[in-house]
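A, B, C, D, E and F label the chains in the order they appear, each numbered from 1.
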Amino acid sequence: MKKFDDTLPAELPRLDKAVKRLCHPDSLSAVWHNSAEGAAMPSIEDIREIMSSLAAAIFPGYFGQTQVRLDSLRYHLAANLDSIYHKMSEQILRGFCFTCEKQHAVCPPRDSQSKNAALAFIDALPEIRRLLAGDAKAAYEGDPAAQSPGEAIFCYPSLRAMLHHRIAHELYKLGVPVIPRMISEMAHAHTGIDIHPGADIGEEFFMDHGTGVVIGETSIIGRNCRLYQGVTLGALSFLKSSDGSLIKGIPRHPILEDNVTVYAGATLLGRITIGRGAVVGGNMWITSDVPLNARISQEQPRA
Amino acid sequence: MKKFDDTLPAELPRLDKAVKRLCHPDSLSAVWHNSAEGAAMPSIEDIREIMSSLAAAIFPGYFGQTQVRLDSLRYHLAANLDSIYHKMSEQILRGFCFTCEKQHAVCPPRDSQSKNAALAFIDALPEIRRLLAGDAKAAYEGDPAAQSPGEAIFCYPSLRAMLHHRIAHELYKLGVPVIPRMISEMAHAHTGIDIHPGADIGEEFFMDHGTGVVIGETSIIGRNCRLYQGVTLGALSFLKSSDGSLIKGIPRHPILEDNVTVYAGATLLGRITIGRGAVVGGNMWITSDVPLNARISQEQPRA
Amino acid sequence: MKKFDDTLPAELPRLDKAVKRLCHPDSLSAVWHNSAEGAAMPSIEDIREIMSSLAAAIFPGYFGQTQVRLDSLRYHLAANLDSIYHKMSEQILRGFCFTCEKQHAVCPPRDSQSKNAALAFIDALPEIRRLLAGDAKAAYEGDPAAQSPGEAIFCYPSLRAMLHHRIAHELYKLGVPVIPRMISEMAHAHTGIDIHPGADIGEEFFMDHGTGVVIGETSIIGRNCRLYQGVTLGALSFLKSSDGSLIKGIPRHPILEDNVTVYAGATLLGRITIGRGAVVGGNMWITSDVPLNARISQEQPRA
Amino acid sequence: MKKFDDTLPAELPRLDKAVKRLCHPDSLSAVWHNSAEGAAMPSIEDIREIMSSLAAAIFPGYFGQTQVRLDSLRYHLAANLDSIYHKMSEQILRGFCFTCEKQHAVCPPRDSQSKNAALAFIDALPEIRRLLAGDAKAAYEGDPAAQSPGEAIFCYPSLRAMLHHRIAHELYKLGVPVIPRMISEMAHAHTGIDIHPGADIGEEFFMDHGTGVVIGETSIIGRNCRLYQGVTLGALSFLKSSDGSLIKGIPRHPILEDNVTVYAGATLLGRITIGRGAVVGGNMWITSDVPLNARISQEQPRA
Amino acid sequence: MKKFDDTLPAELPRLDKAVKRLCHPDSLSAVWHNSAEGAAMPSIEDIREIMSSLAAAIFPGYFGQTQVRLDSLRYHLAANLDSIYHKMSEQILRGFCFTCEKQHAVCPPRDSQSKNAALAFIDALPEIRRLLAGDAKAAYEGDPAAQSPGEAIFCYPSLRAMLHHRIAHELYKLGVPVIPRMISEMAHAHTGIDIHPGADIGEEFFMDHGTGVVIGETSIIGRNCRLYQGVTLGALSFLKSSDGSLIKGIPRHPILEDNVTVYAGATLLGRITIGRGAVVGGNMWITSDVPLNARISQEQPRA
Amino acid sequence: MKKFDDTLPAELPRLDKAVKRLCHPDSLSAVWHNSAEGAAMPSIEDIREIMSSLAAAIFPGYFGQTQVRLDSLRYHLAANLDSIYHKMSEQILRGFCFTCEKQHAVCPPRDSQSKNAALAFIDALPEIRRLLAGDAKAAYEGDPAAQSPGEAIFCYPSLRAMLHHRIAHELYKLGVPVIPRMISEMAHAHTGIDIHPGADIGEEFFMDHGTGVVIGETSIIGRNCRLYQGVTLGALSFLKSSDGSLIKGIPRHPILEDNVTVYAGATLLGRITIGRGAVVGGNMWITSDVPLNARISQEQPRA
């Protein structure tokens, strides 16, 4: 073989230098995260996979296998649920360990806590499916372009957003940290609909088109409500504590009672109540309560 | 080997119970779909793959293989088109069988109908490419930040949305159910632009930025129009039949004549006509006709 | 074996015809691109892979491997950076050759130019990480729903958009064509936030929710600014040259000084300056300067 | 864009010519196969996948998932068996259609026949596992280097060959064409052990090392036999019919009674019987019966 | 975030040390290879992929797609051949550059030489298919267990070995270095049949079972020959030059004339000629010529 | 949606029954393995991946990446070694837990033991590379058909077998259970060469062709030995203890001193010594010592 030459080319010192700087505590400490007990970080990839499995469990035939046989459905569903249970336990555990960092305290036994949360989540799946079937019905009935509830399941962003939200909200209620937000952001990335996992949303909910919808953490939405694209249910202002930092967790988003409709681009801010059956027109800016069955709209367009 | 212990742990009964409930007709019937003749459901994955193949067929070099040789292009294009034809036939068939369910009737021979639709679609590809090349030109000419039409093909959401729309619209015209909506929702998820497959859009169309644009099913758009982000071409209200259900399929969205420009955030609702060469300003709310070459804008900003 | 029958079925002539038409210069020339020196086109897939590697290099543990060991981090980081360097060089080269087409001129030696640009980019990574750590801090401090800066890194669209932007902007400053736009469009597709690579954005920048935000090419944003969903920093009008074509590259977007907040849906157009500490209310339409610390909001909502 | 040049380079005519010649009936007819009813050919890839699933079903933990939980094993096993059943039915059907070609006759309804064969095969799985567990025990007891039966399952070519053989033999007995041979050849490729699916092999069978072992179609092997590498159980000569073609299917390979041992490289040819408990020495060439408990070995080595 | 601790654990110095030693010229120089012009090494993965494509081109339906349509076969074959041509050119180029190292000379223009070799190889494909169809026929006629020539194509190691050999031999005749050996070793790994690419093998060749067959570089085999497992066509001794090194390339392996049969385990050594129609018995050791139609067998077995 | 029918088809009861029987302790207990501490089983897939990484670490450019840059080799090697270290630790741990089952005892702390073994293995890599470089040189010098040592690394089964063996032997010496056998069986499956991990093999070892070679657990081979295909270094007989079970671990295989050559098909059995420089002819059957420099061959062939 040829004598080989190990002269280093010019670019190496620069790469070496970049490595050194990126591994230096001055740079690394700003982005480094120590999970409790050296646990792995939550995995975006694994959560995405769990969501795919859940979609197949809730809507068989639409997601996952395209040809589901009713006879052997229970075989595959059982295997799928068991996998979901174990993978979800693992991610919940990572979620607990991720946030544990801030507590500067000895960790409680997280493993059984995670398994319990995952089991409680599995228990809730039939109810989650029932709610989503209602959401599909609402989409079909609310959109003149819809041909069937099945079409809504297949291709309506509202359904996809609610699939993620109803799952994330269940985990949120179980006190699971971080993971619900990661799930809701997956829906946001896919649909442009940003629902905080904390929002409490009633049956037969439909968002038409959906892009740009924002529903804040402490929002409460009744039965059979409908939003159009670009609607914001937001906070009016943020309370700060005496040291100037934001006070977190205070109810600060709107309450929509049953049968409320909000048209495209409307902005509803603060802990206000929109009365049952009210209709809020497009592009409205609302910061105070709206009475029962009111129809609020802006002045005549100037065209 | 060790004697093994088949005592079941506590979580199993709960998983068993969840399986049982999710397979119970009470739960399953709300989401179960029987396609005609036991056909498989349309496959999101397969349609996504078909769209990738179509992108490579229409814009060789930009999508698919990054190094295309002009000499052997016809080899690969032919193989690609044949695959597209067979895969598209299959998905069209599944689309027919999916919606067939509602008709409670004996199915006509769907297989040859599907193949014919797929062939007619293939026939339309050169025209689809011609229209998309015009859309790329419009993007380049309409955006001062664009460096070349090629850049528009590579990275403009407008082009990606129109690639999906012109394909979905062709299938829509061929009477293919469900599949066009699935395709348009793929574009919506990717770009935030929601164009119903039924919309009839003329040559050299450009949407700058695009996020939040909504173009309804019965919209008609002339040549050389331009929309900005957040523009809605929507319906003003929905007609209901005497039994209270929505009447579907009625013309209810705007008509834009040639050379119309609509700036960001404007909302155009109902079967109105925006005259040739008109310019609609940002955030406008329009529910009646706009004359030829009109320039509609809101009062002075209050800043 | 059976005698085989090579009679062609009816569909073949139609496929043949489609192939012929799609390969005909009349059709192909409208979409065909000749990169200089027969180079391959930039590859969306490869750039996506580079972006994943960069995310793992900048935020170890959050992206890429979920269990990073501090001790051997430098091993993997070094290998990763070297791969990034070589892949980035290749894509930069393709970018140069892609745009070279327009120049109708002899190409300068692109290979070493590309490597130099890639090395300069690698040099900038520690600074890019520092800026992004600041953006994570801003997100945590600015959103009452945020539980930790780590949560922001994991699941805030603002962080994802800025990860792409700060990388794309660095390449933009290095004069790399096309690639920065492809990167920024990846962020746009994922977040609904459309930031042109040319925009100059200061430290600790945060966009809440983000869907529909548009930040134009020549925008300048100071330190510690905050935008909400649907905010546009756009151009008021486009200058045309005497031959009617757009003049490209002129400063035409707003300047935001330090500590500016712009609420949801506001539209800021033209080369105006928003003074330090100013607050622009939701849905405002601004086309002229806003003074220091001003609070601009629309009239009372009409609810 | 640049004017593009569609002059074809020199290599194209040669590729065109090769395509033409390879598609010409003169060339194609020699390798073309028409399955009955236009069915797809059996798929090597799919059969390989079925074999992986079967290995996981028979030896849980060793193959497939490395961490199997006893509690939920039945979930995954049921899902796995259902998949195996459907995939196996499909391949059996393809096997029937593949060989049907030779019969120049109208096909009986193959679909239900295939499903029945697949179900009968599933029925046989517990017995196949029992036999393979016996083979693992025999390997452990027969090889002084073996540390446990588990080690034999993990890494003994004898076990891998028997896993394939006992499956292929079951399909062979069910009259399934082609597929059993494809399965046995997979084992041959992996282990160098070539057992025809027709061979009838008793319990607790072990082949040490195994490379080069050949066991012919009509061989019969009793309980507790052991072969070493390079042993052939072959035919002495082939009977030809009056037209000179081979007569197929006649018993022509050896019978080994219980407890027979054959050492490395021995060749046993023809329909001979090796009596119970006999031991055949290495490199022996045997063409006639061997009595009960005989010990046959070659003369002293000439070293 | 927690203060992080960058104390290195004990294992790092040992890994560091191993890296240092493995990168030290003392260790690296023994395995380092400099291809000419810094070319990449031949890629086992890419060659494997080329072989799969070739199998699909030669035996459509058996390998690659399992459902080939006669009508559109030419589309896919053309695309496949073009890919094979370009990938093969690349690997041939790497082969030239790989061996170029030994020549300590300025390289001739390898690129066009590689393309020419690849084109010549493509030209030979119809003849290669013709020969392989003959090999399949020979397998079917020679094995009483074979049910059809198609079965031989699907699952006979003889066919797989000859598929690789006839391809490797063509490249060998074209003077391509290294690649033919890599291809023949792929067949060897899969079948246990080791044929040197240089061996010249006539039509309708069949090896039954095949494991352990060795056919040396300068072997010449006539039409219609048949070998059984474990047959060696080897060299008797190696000539050494005056400096003690082996003289390479001298004819040193047997010549088999037409219609020769060699039974299992026979060893034929040296440049001897086995006359037309001769039959060599199992386990024979042959080092001199065998006359026309001779039947050579060992003495009666001693059983 | 259609009313759905959950009548079960006939095949379900049979699948249910098969599941029940395969999960019944009577069937399951024969193949069930309980690793200590509920650890996962060793993973064939993971070990295969480790072997690929090791091949790339030892022979850069031949395996793994085909274009290795000398300058940044250390980056990738370091990352690769760290991954190998962690994956190897995990598999070693699983190996310990796998065999622990037989000991009916409390496990020592396996985790640190596994890491130590993995580190010791990493330490040995430079020496393993040195030995393999010698094996490549021996292949090149010993085969007149070899063109370069590089060719031997690329495509000689001898090198592939020794790559696996020298790694497996190192782990064997470190007392790692099961894993070494799994590695050696991978080589056996690929090459037909079956070397027990316990065999002690000197420098510059070469096996030409190799198929069918068997080298037993307690074999000892000196420097510069050469074997041909089908050579067996085996045990003559197995000692049994008073209870009839095999006594394991006793030296029972041949010792080859330096410079020994054994031609194809020779069988060497028992704890005999083949003296330095001896040559054993093809197909010989040797069960007693062979003196220094002896040349043992069978009588003249009977041709």
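Definition applied: a residue touches a chain if its C-beta (ideal position, glycine included) is under 8 Å from a C-beta of that chain, and two chains touch if they have at least 3 such contacts.
Keep in mind the model is a prediction, meaning the values are calculated, not measured.
Relative to subunit C, the chain whose mean Cα position lies farthest away is D.
Both subunit B and subunit C derive from one sequence, and where they touch, under half of the residue numbers involved are common to the two copies. The interface in B-D, D-E or A-D that matches E-F, meaning over half of the contact pairs are the same by residue number, belongs to D-E.
Among the other chains, the CA centroid farthest from that of subunit F is the one of B.
The chain pair D-F and the chain pair B-D differ in C-beta contact count, and the higher one is D-F.
Note: centroid distance subunit C to subunit F, computed from Cα atoms, is 51 Å. With centres defined as mean CA coordinates, subunit C is found 24 Å away from subunit A.
In subunit B, the positions touching at least two other chains are 1, 4, 6, 11, 15, 28, 32-33, 70, 72, 75, 78, 81-82, 101, 150, 192, 211-212, 230, 265, 283, 298. Against subunit B, the residues of subunit E that register as touching in their complex are 72, 75-76, 78-82. Across the interface of their complex, subunit D is touched by residues 11, 14-19, 21-23, 27-28, 30-33, 40-44, 94, 98-99, 101-102, 177-178, 181-182, 184-185, 188-189, 192, 194, 196, 198, 211-212, 214, 216-217, 230, 232, 234-235, 238, 245-250, 252, 265, 267, 269, 280, 283-288, 290, 296, 298-299 of subunit F. Against subunit B, the residues of subunit A that register as touching in their complex are 57-63, 66-67, 70, 73-74, 77-78, 81-82, 85, 115, 119, 122-123, 125-126, 129-130, 132-133, 136, 141-148, 150-151, 153-157, 190-192, 209, 211-212, 229-230, 264-265, 282-283, 298, 301-303.
Of all residues in subunit A, only 1, 4-6, 8-9, 11-12, 15, 70-72, 75, 149-150 touch subunit F in the complex they form.
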